[in-house]
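Before anything else, here's the structure in question.
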Amino acid sequence: MHNLFVNGRFCKDPKLANADDFYASGFNVSGMPTPTNLGFSVNALNVNRMPGLNTLGISMARADLEPFGLISPHIHPRATELILVLEGTIYVGFVVPDTRNPFKSRLFDKILHPGDAFVIPQSMVHIQYNLGTTNATHLSSFNSQNPGVHVISYQLFGSNPPILDDVLVKGFQLDKKVVDHLRAQFSSKS
Amino acid sequence: MHNLFVNGRFCKDPKLANADDFYASGFNVSGMPTPTNLGFSVNALNVNRMPGLNTLGISMARADLEPFGLISPHIHPRATELILVLEGTIYVGFVVPDTRNPFKSRLFDKILHPGDAFVIPQSMVHIQYNLGTTNATHLSSFNSQNPGVHVISYQLFGSNPPILDDVLVKGFQLDKKVVDHLRAQFSSKS
Amino acid sequence: MHNLFVNGRFCKDPKLANADDFYASGFNVSGMPTPTNLGFSVNALNVNRMPGLNTLGISMARADLEPFGLISPHIHPRATELILVLEGTIYVGFVVPDTRNPFKSRLFDKILHPGDAFVIPQSMVHIQYNLGTTNATHLSSFNSQNPGVHVISYQLFGSNPPILDDVLVKGFQLDKKVVDHLRAQFSSKS
Amino acid sequence: MHNLFVNGRFCKDPKLANADDFYASGFNVSGMPTPTNLGFSVNALNVNRMPGLNTLGISMARADLEPFGLISPHIHPRATELILVLEGTIYVGFVVPDTRNPFKSRLFDKILHPGDAFVIPQSMVHIQYNLGTTNATHLSSFNSQNPGVHVISYQLFGSNPPILDDVLVKGFQLDKKVVDHLRAQFSSKS
Amino acid sequence: MHNLFVNGRFCKDPKLANADDFYASGFNVSGMPTPTNLGFSVNALNVNRMPGLNTLGISMARADLEPFGLISPHIHPRATELILVLEGTIYVGFVVPDTRNPFKSRLFDKILHPGDAFVIPQSMVHIQYNLGTTNATHLSSFNSQNPGVHVISYQLFGSNPPILDDVLVKGFQLDKKVVDHLRAQFSSKS
Amino acid sequence: MHNLFVNGRFCKDPKLANADDFYASGFNVSGMPTPTNLGFSVNALNVNRMPGLNTLGISMARADLEPFGLISPHIHPRATELILVLEGTIYVGFVVPDTRNPFKSRLFDKILHPGDAFVIPQSMVHIQYNLGTTNATHLSSFNSQNPGVHVISYQLFGSNPPILDDVLVKGFQLDKKVVDHLRAQFSSKS
């Protein structure tokens, strides 16, 4: 049975479900720091933590950023993200393509304080950056139980196997040395 | 043009949209107290506050409950609600019908502390109740830009025009006097 | 295999499907009276009776109401209901919340005769009541193979375990005695 | 404003909506006979008759068949149809393609009596035929407010302009004379 | 496990998925000729050829038509088809019902040359016909991984068991002899 | 009226629609070269070229790549892309995040020859690269009438206003000089 997969998760026998399936805890503290040196941690409230989210189309996350901590450019392929700042000063922005010319785009950005909210439409490249000298925290709501996250730097320069040298050199007009440097930063060691 | 309605809202000219359309503020404080005497207030982050939510399928709200404040039994007809407690002690529960016998049901309930989360599937009757002697606050995420809220007591006993006496007397096995009492509580004065 | 659940039902091997999977009978007569004393019965044409409805997003039901029989306030969390009266005189109504003030609402109601139809949008609180002195029958169409039914009285006062006393007393501004009375009416014995 | 079209219909100002928008009447009698000589009439309960159906994804119809009346092969491109027989004896069937070989198919058919039900999955070719010597009536539920109907004979042989002779002669292996005969039957005079 | 079916296909263990699951080949040549004598072949790029299409909602096909080859009237019940001509001259058309009178319809047709495109909305009866004296080829895109195909002639006259004689004779105003002739053409031998 | 926007496009009056609305031409030749120096052009078959695609959820494009032409890393936020090679040798790949660790990912890549196909799930970062010394051409199908395209390099380094220096320097671990170089490459002049 453990070899069998569906789109999403199998469901629990409804007769055996109980309140604990719809409950999770531990979101009053930050998550484990990420293995990056970017100074942030994420505490994700998703179907792994709360089984009852399966099929419900919703999840949340808490993000904590050290001073100048950065959640570098990334996208969520399956969800819109609605951000609410609890503490600190967070710069947010997303890139809006020109629908008629994909080689032009606008940045929609904002400096957020506690109680401020900002929404990132599904699949838009965006960033969160702690502009202040104190810790900052925001909550995020997602309209998927499985929003996904694609961190651009790790996807471009850290995949296994790597993207072809020529693609990166030509695509970003970079020296091969810079590409090597980027790969050294973002490739997974293990 | 102001006589014209679509399902949802009309969109802004994309060329004129800017970051402010995706921004809202003021969620670090409680909303206006509700006109009920139940001791809670709601600060809703929806399409009225943030125009860019239109068509995005997501919204949030902040709820503040005084000691023993109660958000009485209600449903959200168009969204699942994911609750995260920021402060205080909140009792939450929703009623789960037996899918084969609608005259039986189970209550899934839980006492939540800061950092605890609970999910209420779409359209389920549910309540939030401040069990403690201090104020309590939770955030809620919804997977609709327009979740809706149907407060059972106000819907049953406060509609205009009222539901027929016979329906309420028979449907709840109540004396007409009790129905009159309930109407007096929940009818809108204005 | 009987321990495995998906969202909905598993499908039959298409090669083994036949006309009987898309057929059901017995809707020319009323269903079994409900265990309530409200004077109605429901004969449901759903996926349990017609396996081929699985995944098709449609179902029906026949409701029979004795004189003054009442289908007390309830909602269907996953479907809009389209009612067509076959016989008798049926009062129908649903409660429409004010989208800007959830403590105000309007009742949309109508007296229906044979050949009259009325639609109840998804998740709206509604009632059907036989105003006449003869039996009444209506058919209902639902745009889900699993519309669900939440009977408000049984959900509020009959759940297992019960909703906290304080919630019901405060939420409905009722004496504890009345709450006890209501529980006695709507709790399941078994 | 009357030159402006959206996908579906424009909505009424919610403040002006009332119970009449969700009500329709006249389904206790048959509709106008169709201009065909096939012996049936349809009384459609759709958004033209009940404006409130707009966006709700549901509709109904009543069909009356004279003895040997036939609703000839047709499809509903946007809805599954759930049939319930009220009176008489109706033969129903739909054609199920072999998913691996489109040149083979199975017929799922059944003879229905009052109280019997049958479901036609979306877009399947199907027929209803009164096998008896008395009038027959069935109700149909659709999970779209706009199911559509494509009557195969009228579509193949009655379109304006007509489908090319060669297509019909070759596609159905028919003499040109038979095609002309069919066109004479199914072309619209007006 | 091979007795178990879901809506669509089971998924592969994501950890075992690789590039080959998202790859297929052989669409530079025509598919096997169909068992009809209509002079066309289809090379389908669907979930059977490319397992990774499961749940993705897209597929393609290549169609090759001999001179005067005809893909006779058919529908795709679960997808819109977007046609792009690679070679030759292809006549295409689909039948558009009058939404208020199903016994009238319009034909939208066009003669396509290499580089021309035409779209067939979901479930519309349509045809492709090689008007030229050389081979013709088009590609088709579908917005479903399982578009389905219902060939009208084979569905009406070749199903197993057959549609009742009376239905076909009356529905198409044909002699029983012509119906027998049509059955002989379109029934499957095996 | 030209100030009014809906989600998608307004529809044409159905009575005025004709075959030309469902037709487009010119896809047998390459599109205009892009303003990049990457050596490719795109000829897009979308709702701007074929108005009838509005609401249909499908579109196509033809891409032509010079020798060593590169469609640099990009995503389509609203569609899965199904690629079919018509001519030449094209290297394709997309990056698959590890769903439990967003700082690790796999590359699924393949070298495609004429008649080969490859599918890119919605919102995945991907590239197409002409590995050969001759021109290469592929067609792409999308399951949206408006797939969108976000070219990573232009979004990160060419937006107006630009993304903060600190975000790019820290996020990609690059010297400010390299960031300036990248901005010079990808910023729009006009």
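We call the chains A, B, C, D, E and F, going by the order they appear; numbering starts again at 1 in every chain.
To be clear about the criterion, a contact is a pair of C-beta atoms (placed from the backbone, for glycine too) under 8 Å apart; a residue touches a chain by one contact, two chains touch by 3 or more.
Bear in mind that the values here come from a model prediction, so they are computed numbers and not experimental data.
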Next item on the list: Using the touch definition from the top, list the chains contacting both chain E and chain F.
Entry: A, D
Next item on the list: Could you grab the centroid distance between chain B and chain F? Build each centroid from C-alpha atoms only and quote it in angstrom.
Entry: 42
Checklist line | Inter-centroid spacing, chain E versus chain D (mean Cα positions, whole Å) | finding: 22
Note to self: Please output the residue numbers of chain B that touch at least 2 other chains, ranges allowed.
What the structure shows: 4, 6, 14, 93, 99, 109, 122
Next item on the list: Could you tell me which shape the graph of touching chains takes: line, ring, star, complete or other?
Entry: other
Notebook entry, point to check: Which chains touch which?
Noted result: A-B, A-C, A-E, A-F, B-C, B-D, B-F, C-D, C-E, D-E, D-F, E-F
Note to self: List the residues on chain C that touch chain A in their complex, please.
What the structure shows: 3-7
Item checked: chain E-touching residues of chain D, taken from the complex the two chains share -> 34-36, 38, 68, 70, 72-75, 77-78, 91, 93, 95, 97, 99, 102-107, 109, 122-125, 127, 129, 146, 148-156, 158-164, 166-167, 170-174, 178, 181-182, 185-186, 188
Notebook entry, point to check: In the complex of these two chains, what residues of chain B are touching chain F?
Noted result: 1, 4, 6, 8, 10-14, 54-55
Check: Touching chain F in the complex: which residues of chain E?
Finding: 14, 17-19, 22-29, 45, 50, 52-53, 56-60, 80, 82, 84, 86, 93-94, 96, 99, 108-110, 112-122, 139, 141-143
